[in-house]
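Two complexes come next, and they have one chain in common, subunit A, joined by subunit B in the first and subunit C in the second.
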Partner chain A sequence: MNGMSRIVKTITSIVFPFIMIFGLYIIAHGHLTPGGGFQGGAVVASGCAMILVAYGSVWTMGKIKEKNLSILESIGAICFIILAILGLGFGTVFFKNFLVGSNIIFGIVPSFGSTISNINTAGVIPLMNFAVGLKVIVGLFGIVLIMAYASRRRDNK
Partner chain B sequence: MILDIIHILLPLLIIGSSLFAVLLKDLIAAAIAVAAMSLLLSLEFFILQAPDVAIAEAGIGACLTTAILVIAIKSTKRMEDEK
Partner chain C sequence: MNFVDFLLQHSPALIVAIPLLGAFLTPLVSRINNKVRNIFVIIILLITTSIVLLLALDVFAGNIHTYIFGAKDLTLPVVRILFEVDAMSAFMAIIGSILLLVSVIYSWSFIEENSGLDKYYTLVLLLAAGMFGMMLTGDMFNFFVFLEITSIASCALIAFWTNKGKAVEAAFKYIVISSLAALFVLFAIALLYGQYNALNIAVLGSVIQFSYLDKIALVLLVAALAMKAGIVPMHMWLPDAYGRAPASVTIILVGATQASLYGVFRVCFTLYGNTINLSPTSIGWIIVLLGVITMLIGVSMALIQSDFKRLIAFSAVAEIGFIFLGIGTGLTLFANNQMFGLIGSTAMSGGIFHIINDSLDVGLLFLVAGAVYYATKETSLDKMGGLARNMKYTTIFFIIGLLAISGIPPMNGFASKLLIYESTFQLNPILAIVAILSSIMLLAVFVKVFHSVFLGPAQPKFKDVKEVPKTMLFAMGIIASIIIIFGLFPDLVINNIVEPAVNALINYSEYIRQVIPTFTGGF
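Entry: the complex of A and B
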């Protein structure tokens, strides 16, 4: 699949950062607003698929190697499991939220009732959102990229 | 009142676009009809007050599924066989 015209490439370059910011906002605010790791990752992967359609699979495959995508996906899954096992180590049970109440990061316990939402809360949940977001971004973009690249090779035969 | 009209109108549009997706012989047009059905379904989720499901449906159903379907159709035939 070759790239599209110059108009499409220019509009894609303008719109792409806004889609990235929206998706990363959904991931980072997963414990406060609707959405989370999976939804924000799906939005970011949609933006990457737009780049793939506009610039062609050969150009994108030259920028990104599929082996790096596989490594990043494994890093996302391993970070999720390691955070869960750290709950077993520092706390009592698997998936124990051991960061709540500590002063390290994301440790503030909000007061009871309806308050202004603070991003520095919820313990280990934002870190798990980041891990799931990384895995979903790389996984969904890898599916589309490999499929486009394989169909391009078939056209040349 | 307006919300009641939207609640009646949106399922009818979803059923209509699903019928187009089944009946069309041009497979690219059928894929676009599936994308339109998914977008209307995400709007229906939003007015039923499930915004996170709406975000997931709009990202997965309307964008990535359409991309995969169009890539798959480009490497095979475009028109469905008449029998």
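Entry: the complex of A and C
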């Protein structure tokens, strides 16, 4: 796939940061508002896919290697499982939410009833959201990138 | 608390978690070296197998294990994700782990020359996680999730040889059937959830009423899982998928098929166990009839095949018919206490013993077919001949597989088929006659194959064919030795492994009481 016109490229460059911020917000606030790792990851990946469409797959492939994407994807999944296994180590059972009630990170237990949402809550759930988000971003983007790159020849010839 | 107790307590979670962790570590490990990656995968599966055996030893001693994810204690109503391992689950997990380990050892040389092997091993380990999840879970929705994981991983593995267009076609057929089956299962789960507000198998089993909607759910579940197991009217995907996938994948697919079979039995005996008195024997008879049709059509189609792996695939279909016949006979007599004690429990032992025998026999034959393909690059039976001169060990393994699959003593197939013949003859003589006829036809099929592949004059084009590498022979040797041991000491296997599994299926109230201690139904 070749790149598109200069107008499209400029608009893409302007809109891209906003999409990134929105997607990362959905991932980070997954435990407070609707959404989570998968949904936010899909938003970020679609922002990356927009870059791919505007600038063309050959340009994008020059910037990002598919192998690095697959390694990042593995790391996302491994983080998720290791968090679950840490529940076995620090807590009592697999998937135990061992950070809740501790004062380390995301450790506050909010008071019952209607409160102002506090991001520093919910224990391992935000961390798992980050892991899933990473996996979905690179996974979806990797699929789109490879499909675009594999179909590029028809455009050139 | 020492380490073994710790492992045992957490084993149901670890059996799924370790292959899953291994699957995602494989792409990273394979950056180092191919050999390191192969050793890594084998070690991951060895650890899993040893945990499975540890768990199975404890479960066969009479303890049902439950494992609650994310919480120490169970609170009612059950909303937690729950794994529940009784002897039947442990029995299936043993089969799965044997097949996976053998497949990975076999893969070392068999697909060495292919590219994309890090993805292959990742998918194998994902398939392992899905299979073990299906076998160990105690939750219907969880079962559906693991069913989907298994389907997607199997589909990608069937299409592993993408340069051959037919493999892609087979994978497409498989994913269509699997998605359809998964949707059926999901719909059935929704029907049950809508009525009883529960997804846990034990909770559902304790409150199920056998209402009109429950009957629809039962039909959907049995139809969908039988579709995934390759029962005859829905078997068309199986010969393609088994025939086109690499042999090392086919042997794992046999295990994945058995996991779906396990689903049928779990649904019929545990989920609907409490209502079995309300339903006349119809569901049992339906399963018996499906089994009989499956046997007959499987062997008759196998007789006319000319492709080596496709032929074995059709005989695998027939073998699943035997399992359905045995366990269906048990289900037919389940409500009738006296008759069940006389015939039903024998039939159930035969059927469940045949699950492990079928996976070993068919698995060995697929590995032999893969070895012949590896050595000659030929799958058509018409073009082969005289290979016994070049590949003597492979020939011996084929003979062992041939005798075992057609139920000839002293191989393991004889023991389980004899139990099935004896008990079904007392239910209805025609069933036993059809079963014996199918078994004889299986012998005819494989004698034909033996003659056309291994016997006959030496062919000049196969002059340079050599015996396959040692790792492949070792993998086949593992299965062949298990077959012979099971054949020589069937009573040991039946008393120690099969009987606990049969009792676990029959005593569904034990399974339910593990979650709901106040449950009083059942026998």
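Couple of notes before you dig in:
Operating definition for what follows: the second predicted complex is superposed on the first by the 152 of 157 C-alpha atoms of A that agree within 3 Å, B and C clash if a C-alpha of one lies under 4 Å from a C-alpha of the other, contacts with A are read in each partner's own complex, and residues count from 1 in each chain.
By definition in this document, contacts are C-beta pairs under 8 Å (C-beta built on N, C-alpha and C of every residue); 3 or more make two chains touch, one makes a residue touch a chain.
What you see is a predicted model, and the numbers here were worked out from it, not measured in a lab.
By the touch criterion defined above, A:Q39 lies against subunit B but remains apart from subunit C after alignment on the C-alpha atoms of chain A. In the superposition on chain A, A:S70 makes contact with subunit C only, while subunit B stays out of contact range. Legend: residue contacts after superposition of the two complexes on their common chain; A:F95 is shown touching subunit C, with no touch to subunit B.
Of the two partner chains, neither subunit B nor subunit C is touched by A:F112. By the touch criterion defined above, A:I143 lies against subunit B but remains apart from subunit C after alignment on the C-alpha atoms of chain A.
Of the two partner chains placed by superposition, only subunit B is touched by A:A49; subunit C is not.
In the superposition on chain A, no residue of subunit A contacts both subunit B and subunit C.
Of all residues in subunit B, only 51-52, 55-56, 59-60, 63-64, 67-68, 71-72, 74-75 touch subunit A in the complex they form. Listing the residues of subunit C that touch subunit A in their complex gives 10, 13-14, 17, 20-21, 23-25, 27-28, 31, 67-72, 81.
On the subunit A side of its complex with subunit B, the touching residues are 1, 26, 34-36, 38-39, 42-43, 45-46, 49, 52-53, 140, 143-144, 147-148, 151, 154-155.
Note for the complex: subunit A touches subunit C at residues 70-71, 74-75, 77-78, 81-82, 84-85, 87-88, 92-97.
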